[in-house]
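Per-chain numbering from 1; labels A, B and C assigned in written order.
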Amino acid sequence: MSLVNLHQVHKYYGDNHVLKGIDLDIKAGEVVSIIGKSGSGKSTLLRCINGLEQYQEGGITVDGKEVTTEDIQVRRLALSVGMIFQNFNLFPHMTVGENVMLAPTIVLKKSKAEAETTARAMLEKVGLADKFDSFPEKLSGGQQQRVAIARALAMSPKVLLCDEITSALDPELVGEVLKVLEQLAKEGITLVLVTHEMNFARDVGSRVVFMHQGKVWEQGDSKTLLSNPQTDELKQFIGAVL
Amino acid sequence: MIEFSNYDILRNLMFATQWTILLSLAAFIGGTTVALTLTAMRLTRNPAMQRIVRVYVELFQGTPLLMQMFLCFFGLSMLGYEISAWGAAILSLTLFTSAFLVEIWRGCIDTLPKGQWEASRCLGLSFLQTLRHIILPQAIRVATAPTVGFSVQVIKGTALASVIGFVELTKVGTMLNNATFEPFKIFTLVALIYFMLCYPLSLYSKHLEKKFNVSR
Amino acid sequence: MLYFSDLLQYSDVFLSGLKTTVELTVLTTILGVVLGTVCATVRQYGNRASQRVVSVYVELIRNTPFIVQLFFIFFGLPAIGMMLSPWEASMIALTINLGAYSTEIIRAGLASISKGQIEAAKVLGLNFRQTLTRVIFVPAFEKIYPALTSQCIIVMLGSAVISQISVQDLTYAANLVQSRNFRAFESYFVTALLYLGLSILLRFAFNALGKRLFAYRASN
């Protein structure tokens, strides 16, 4: 059964038709890379999946449940969908540990001790066990992004959405974040990531989705699609990126 | 006529200063409370609520504080609500203070990146949880300096209560002036006392602002 | 019961009060901003002694109530030989008051101009005055224009206090009318609305003026 399903999703910003009938089906354990030019609707797609944006037509289900922007629905959704942002969005007034523990304690109502155990385990996983008591501003961009990943993982989501999570990083810091993602992929977590890292998409990803002008223009197995693109648009895009 | 020694003058002014301080505190506490309520109304994102707050701010920022006091004092009693000068002063200063604070705080909340709201939402925090754990702690840090700075305006605003007959520092100043005919001395002293009340707050506000700018 | 129609016969009184308030506002806005510009320039680029003088002036005014400043000028100064009419005293008090606040605001604008701009002007051979007027002032004022104009409106509203030394402004008119017809609420209510209209009108006027002053933005 599919974990995330989009059926003929249309999204408008005023008159701007941003998503033009998206059909997409993602199964548990898949690592789906979404690629495409800036403005093609990649972020909007992710934001519709986790209820941050309203869509006007079609349907989205996550784990069999309908996605809406109703506050209550989004909160239920948050239990199965985690999101990592380009600019981290850590809470600057809390320590790393508090950032990771917050949602498990006040949303999942876990005890402090239990939440702390999880938080430490997640930070360990992203290689930042020693930063538990640091404040985010003391960390490098790569470390901050790894904290954001740990924060999302602490809610044990079924699927993790990542929107260009390495784009704001200095080049030398990209690797450490990708390594964490790769590890997660190996553990079998479902990942949907908007990315410009073609090597990562090819080597780690199971599927590539190419978006163009608000449509899923072409998709397929990551290795096949990237080495043998069918449409001119994708050929052009790959040529421009590589 | 009674002779006023310098000591008498100072003693009277000092006594009156207590009332200025008390009125300022009452107005500041009242204003903060109302402003908190208004801020909550603004944050609900309910268009009707937001409209009410906008009109409120426009009304009380767009008319003279003195006129607000007259309306509270003479106006209300004409309409059959008896109100003392003290009550009218507190009421009008509360309205005035809250209208400015709600705008100041709005600026502070709006400087927080939208990503803070979105990240909270994605973690499953409710609106109130986001406010309490994410937005308010950060907004309060930003808002402290300008709020302390505005308290200076509140203290100065209390001087207008003298016009509706509330006996505070400025009123006692004019009374002493009428009795002694030494306006230069009296009003210099009155100004100095206000300065001694306000200047430390101004300095503290500046200090907070600097500290905050360094820490971020 | 409210009787607003009773006020109609006093419309002349209100109008003449409104006229005084508007005249004083226009005059003191111009004078106050000029004073503030001079003081801000001194505060930013002057020598240490003159900077100190300006700071003391600004802090003294900003940390005392306007009504006390007004009483000091109107009642206090004659005692040391400076006789002033209520109108003159009000004009001076309002100008000095706005001058202090606008010094603070304009100085922030001056401080926001980068050293590079000033050095570039120097390299081009502009003298200090040319640099100020041609390179620094326009972007500096553009930056602080909203804050400056709000302050002008705040000072206009604060001018209600000059009725206390018998300047026949809008508030004086309100007091006069209510003492004649004993309709305090109506009289003050209408006056408050007139002030509200005046502040909205001023805001529009300032916005329109701003668009013209900083028109170079629109053209590119």
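Observations
Note that a contact is a pair of C-beta atoms (placed from the backbone, for glycine too) under 8 Å apart; a residue touches a chain by one contact, two chains touch by 3 or more.
Not measured: the values here are computed from a predicted model.
The fewest steps needed to get from subunit A to subunit C, moving only between touching chains, is 2.
Chain pairs A-B and B-C differ in how many C-beta pairs they share in contact, with the greater number at B-C. Closest to the middle of the protein, by Cα centroid, lies chain B.
A separation of 54 Å divides the Cα centre of subunit A from that of subunit C. Taking the mean of the C-alpha atoms as each chain's centre, subunit A and subunit B sit 46 Å apart. A straight line joining the Cα centres of subunit B and subunit C is 21 Å long. Shared contact sites, meaning residues of subunit B that touch two or more other chains, are absent. By the touch criterion given at the top, residues 58-59, 61-68, 70-71, 74-79, 152, 155-160, 162-163, 170, 173-174, 177, 182-184, 186-188, 190-191, 194-195, 198-199, 202 of subunit B touch subunit C in their complex. Subunit A contributes residues 50-52, 71, 74-76, 78-79, 81-83, 85, 87, 89-93, 102-103, 106-107, 137, 151-152, 155 to its touches with subunit B in the complex. Of all the residues in subunit C, the ones that touch subunit B in their complex are 59-60, 62-69, 71-72, 75-80, 157-161, 163-164, 171, 174, 178, 183-185, 188-189, 191-192, 195-196, 199-200. The part of subunit B that touches subunit A in the complex is made up of residues 113, 115-116, 118-119, 121-127, 129, 133-134, 137-138, 141, 216.
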